[in-house]
Amino acid sequence: MLPQVLKKGDLGAWIEALGKTWKVAAPVLKETSVSDRTDAKFGWEWVVDPAEVRLDYTVTVLGPKKFLWPSRQTVLAYALAGEPNPQAVIEHEPQVLLGVHPCDITAIATLDAAFGKDVPDPHYLARRKDTAIVGLDCAAPCDESCFCLDMGSLHPESGYDIMLTPHRDRYFVEVKTDLGQQLLAGARLQPATKQDMQGRQAFTEEQRGNFHYQLPCEVKYLPEILDASYDSLVWEAIARRCFSCGSCNTVCPTCYCWDVADQIAVDLTKGCRVRRYDSCQLDPFAEVAGGENFRKDRSSRLRHRMFRKGKYILEQTGRAGCVGCGRCERACIAGISIKETFVQIAGSR
Amino acid sequence: MAKPVLMFDSLSCCEGCGLQVLNCETDLLPILEKADIGRFREASDGDVDHYNVAFVEGSIVTPHDIERIQEIRAKTDLLVALGACATHGGVNFLKNFQDPDDVAKYVYGDKRAWFPHVAARPLKAEVRVDAEIPGCPINPREFLEAATCLLTGKPFKLPNYPVCVPCKLADNVCLWHKGAACLGVVTRAGCDPYLCPSAGHKCIGCRGLVDKPNTQAAKDVMAEFGLTVDDILREFRLFQGIYKEVAQEA
Amino acid sequence: MTQVSIDIAAGARAPSPYVPRMARILAAEQMTETERFFRLQAEGEAMRYEPGQFVEVMVFGIGEAPISICSSPTQGEAFELSVRSVGVVTNRLKEFKAGDRVGIRGPFGNHFDYAAMKGQDVLFVAGGLGLAPTRSLIRYVMDKRKDFGKVTILFGAREPKWLLFRSEVEAWQKRGDVDVHVTVDRGDASWKGNVGVITRLFSKVAIDAPRTWAVIVGPPVMFKFAVLEALAEGIPEHRIICSLERHMKCGVGKCGHCQIRGIYVCREGPVFTYEQVKRLREGI
Amino acid sequence: MAKASNTLDVRVDYVTRVEGHGNIVARVEDGELVECRMEITESPRFFEAMLRGRSWKDTMFLTTRICGICACGHGTASLKATEDAMGLKLSEQTLRLRKIVLHAEQLQSHWLHVYFLVAPDFFGAPSVIPMAKTHTDVVLRAMRLKKLANYICEVLVGRHVHPITMVPGGYMKLPGVRTLKELRAHIAGHEADVWATVDLFATLKMPEFSRQTEYESLRDPTEYAFYGGDLVTSDGDKAAPRDYKDIIHESIVRHSSAKHVKNKREALMVGALARFNNNHTQLHPRAKEAARKLGLAAPCYNTFHNNTAQVVESVHCFYEVLRLLDELIGAGIQDEKPPLRWPTGKKGAGVGLTEVPRGTLVHHYEYDENGICTGANLVIPTNQNLANIEADFRAYVPQLIAEGRSQAEVAHALEMLVRAYDPCISCSVHLVMVK
């Protein structure tokens, strides 16, 4: 297919058109929170008015993961009076995630692998199957917390249907899949001119100039480096400040551990089973009856998180459990940084 | 099967928790079908001799309160403490940090002898309490959950993680990054979806401490953010004066 | 570290692994103050399982708990559980009687490698509730007794009143083709048997280390010392077998609770060799 | 009707369907009223003492805990006092938001009172609970309305019981215009319910009783006063907020728990009826229409009509909320930040007066130069009414006896009278308790 561009001014009309078939989620400016002196003023929301969509966004607290993996999901419904008749609850509707940064695209691919491997989880996968992803390339790192280049997530090869590359007043549109082609039906695309092609090239060069490696080693060596650090005192030292508040897990785009709870309706005739985010940093996470807790020290929990991100998930799925988005560091009051931790253990070897 | 008999009453408090029960609105109706209300003074006339579950809000601050909670305990199978006043002493606990005679003198002057009071305390300081719903005020959602649990004999469990979890799930930027010393890091969650940080204000700790809070880190981090011990205690004492960690310093 | 390739469309159509099917309680019996025994029959197709596997038992409206199957597939279509009341679900199960129904998911996990043990000696070391998973293999071995060499069972509990399957253990003792030793940490007036921690029983049995498999299941402290004892006897690490208990919510390697380092106990376990457990470091 | 009796001994322990704990005692011997009081048995709460040492940032978080029903009102008065001490001036936007919340609280409280606490008396039910079966539509409407009022507070200040976002000088989080538009549409959808309430109460007959007293309220030249204004009485007295003590004379009465208040007469009355009597000309036209439908005309000396005045005010507040929302939406929301620091070196007093559902509320604080509270005085509406309740008893009991009522009927009538004041006893005992 011939290269095409979309004028930024035509974005709204395209979103409007998408909205007829799909539910569209995109980054928007959050409602005014007056004492907000930080930069994280954007959030992923369902689009009500296309004019609200802000593709100039940088970071968000939660990523688009929440539309694929909501923090609370009912997975099972049953009756409490008479025959229980338990039924799976699998909810999904056609949705477009518009403006997904490369790190989040990569993170979604990790989730796909985690939920798709071995015993597939249709609750996640049905949503995933019904989801179209419109990527948005980054010309520069969002802030100093992110290290996506190191984690190999700046240039995802797949996992999106369309990739938008912003350049001046237009987006260079790369169509990756048939679904991507369908999405564009209502867009006022224009064939890319020679100038546009040059602009695309300029973007790549600009990007190359803006992103720098920050880890002293390649990701593929992380498992080994982590292994060697298992008994290091580093964990103890870092964990002294950890609150075990779970913020890091909650905001991470690749975290998917969960807890379940059965709920009884107020009229006592129905019940359901809800799963919700859990966090390996919370004290009761690995506790079993009798009070035995297999990771009762903060340091062992913190180590577990870092290992999961840098080693276990990588070994299980072939994809790193961390995409370098920097969310965990940004969310942590104690200032615990996964990037710094990796740097520290790589250096201390 | 006879319907279980519920009872609602209050000791010293603002009765906001009872109001939160009414604020469950139509969700209360199915519960009212399954249970009888033996007493709900704020909303209804009448009383009975025995209750299956008594929900009591408010702290104990007078000798008379002690008698009343003992009477209630004697009449009920299960006693549920509703709200911060009943579970942790609530804001009433603040007076315990002042000289009791001075407190009475400031308010009653030379007539203070007419008005005996004891150190403020939660229900569990005087009687056995079977379940607690913390918060100032309680969360109607949690009340409904506790009520369905009690009606079905399922144990009611409080979340054992800090407010940061629901706060992050609400997509909030942490208030610490905006310069507010939010107590959510060490406070037990369960207030969602009405949590203070979502409304732009730091958590003031009304649900008490989570199990095993990292108080060492709290001190370090708060100090880094430029807070003095005095400031920190003032923050914590509004609702958490009952904890050793909070009460002792100073 | 090759990337696993995933078929999203196929996965989206897959049946949910979280839907239980119904099982009827055929018999229920209180074994001790806190442990209750159940024999169950799955409704519809019979439960197919291997010794050492576990199921998720669901009480509707209350929740789910992973419980080892304590019977052997050689016993027929029904399967058995022994449940200790420790919390929300297990306390509620205490009230369940014959005729009641529960939800069942599974069986999950790997199983004891009885094929590898064929023709060899087996030493069972079970502490307390550890007898539950162990019993599934014991029953299997008993039912196929001639396939195995010498069989020894060491069983310990805190006090006589906490001994599980007491009459069954006595029956094993009477069989003559298995060597059974029972001990309690603290005896009582009526107790005539051994007193002392389970490792003391090792001195009572003769072990032919090169041809012995040791199956050791029990609380972490017991496990630790029983393993030392087995190693001292000369049983190699890869022939010392255990079953681990972890917090579990899904049984299919997703929820993350049972993870020990890179391993999901619910899929790659709960049965491990000591050699594996040792490498995991967080295993015990 | 039961036989007339010369001797009555009325004792109602724990008046129900009111906030807090109180008893009624009335004794008649040989046709003579010899004893008559409203006892408050609620425990003392010592808020004034507890306020000492609190930071300016959380005096409001403490004082909202005086009362769950009027948490937003206490919050407003508290913020006004703190802002007065800080010397802050509020923006039009903040004022409008504050007023909406205050109105929403009147709505919540008035609807709760007339439907849940008063209506059962007229339907002969012990509470609203059995009414769910006999008068389902009434109860469901009551719940809808109460929920609406709660919802307004939820959107604007986080929740009704103990508001979160309001702080001295402004808001920690502002709603967006989109939210306000949604809210407005949602509120407007309840108009029929508001008028159905008026129609319902137009059919209920209030007991006959009349006793003229002094009516105290705020008065604002520009609007029917809730948020602010000067303190005035129907006897023509007037005081600026900081001079509230010129009108509100507090005294400790041995037999009664909470402090009594009076001005020049033996007692005075605050609340919906007082506001109506003093400021009725400033009501929203639709509220005037409601008053006509309900047969309420100023001046009205029948205390029972406090309930009727509450219904009238609910109509006023409903339309005021809509009007204020329209103004906010029209002006757009400005990103205003409240001050996060105490003005350097500033110390001194601050007074905040506001009308809460039960009447005029006073918060008065002293702050040191670091913004730490060093002293406080609070005057609660229910306290102000206590002396008046007893004065009403003294007038009403002889009337009831003359009508030949039985002891039980007298007790019930007095309970209804107490309830008409919508007393909030939990509030009133921050000060004193009876032995």
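Labels A, B, C and D are assigned to the chains in the order they are written; within every chain, residues are numbered from 1.
Here is the rule we use: contacts are C-beta pairs under 8 Å (C-beta built on N, C-alpha and C of every residue); 3 or more make two chains touch, one makes a residue touch a chain.
Owing to the predicted nature of the structure, the values given are computational and were not obtained by experimental measurement.
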Problem set entry | Label of the chain whose CA centroid is most distant from the centroid of subunit D | C
Problem set entry | Contact-richer chain pair (by C-beta pairs counted) among A-C and A-B | A-C
Problem set entry | Distance between the centres, which are taken as Cα means, of subunit C and subunit A, whole angstrom | 39
Problem set entry | Rounded Å distance between subunit C and subunit D, as computed from the means of their C-alpha atoms | 66
For this session: Indicate the whole-number Å distance between the mean C-alpha point of subunit A and the mean C-alpha point of subunit B.
Result: 37
Exercise. What whole-number Å value describes the gap between the mean CA coordinates of subunit B and subunit C?
Worked result: 43
Problem set entry | Of all residues in subunit B, the ones touching two or more other chains | 152, 154, 179, 200
Exercise. So which stretches of subunit A touch two or more other chains?
Worked result: 33-35, 264
For this session: Would you please write down the residue numbers of subunit D that are in contact with two or more other chains?
Result: 171-173, 340
Problem set entry | Complex interface listing, subunit C residues touching subunit B | 61-62, 88, 91-92
For this session: Enumerate the contact residues on subunit A facing subunit B in the complex.
Result: 30, 33-38, 40-41, 43-44, 60-62, 71, 240-247, 250-251, 263-268, 277, 279, 282-284, 298, 330-331, 333-334
Seminar exercise, completed: Given the complex, residues on subunit B that touch subunit D span 10-20, 22-23, 25-26, 29, 32, 37, 40-46, 61-62, 64-65, 90-92, 94-95, 97-98, 102-104, 106-108, 111, 114-115, 117, 136-137, 179, 194, 196, 198-201, 204, 234, 238
Problem set entry | Contacting residues of subunit B [partner subunit C, same complex] | 152-155, 157
Problem set entry | Touch list for subunit D against partner subunit B, complex | 14, 16-21, 41-46, 48-50, 52-55, 58, 61-62, 64-69, 71, 112, 116-117, 120, 126-129, 132, 140, 143, 146-147, 150, 154, 157-162, 164-165, 167, 171-173, 252, 340, 426-427, 431-433, 435
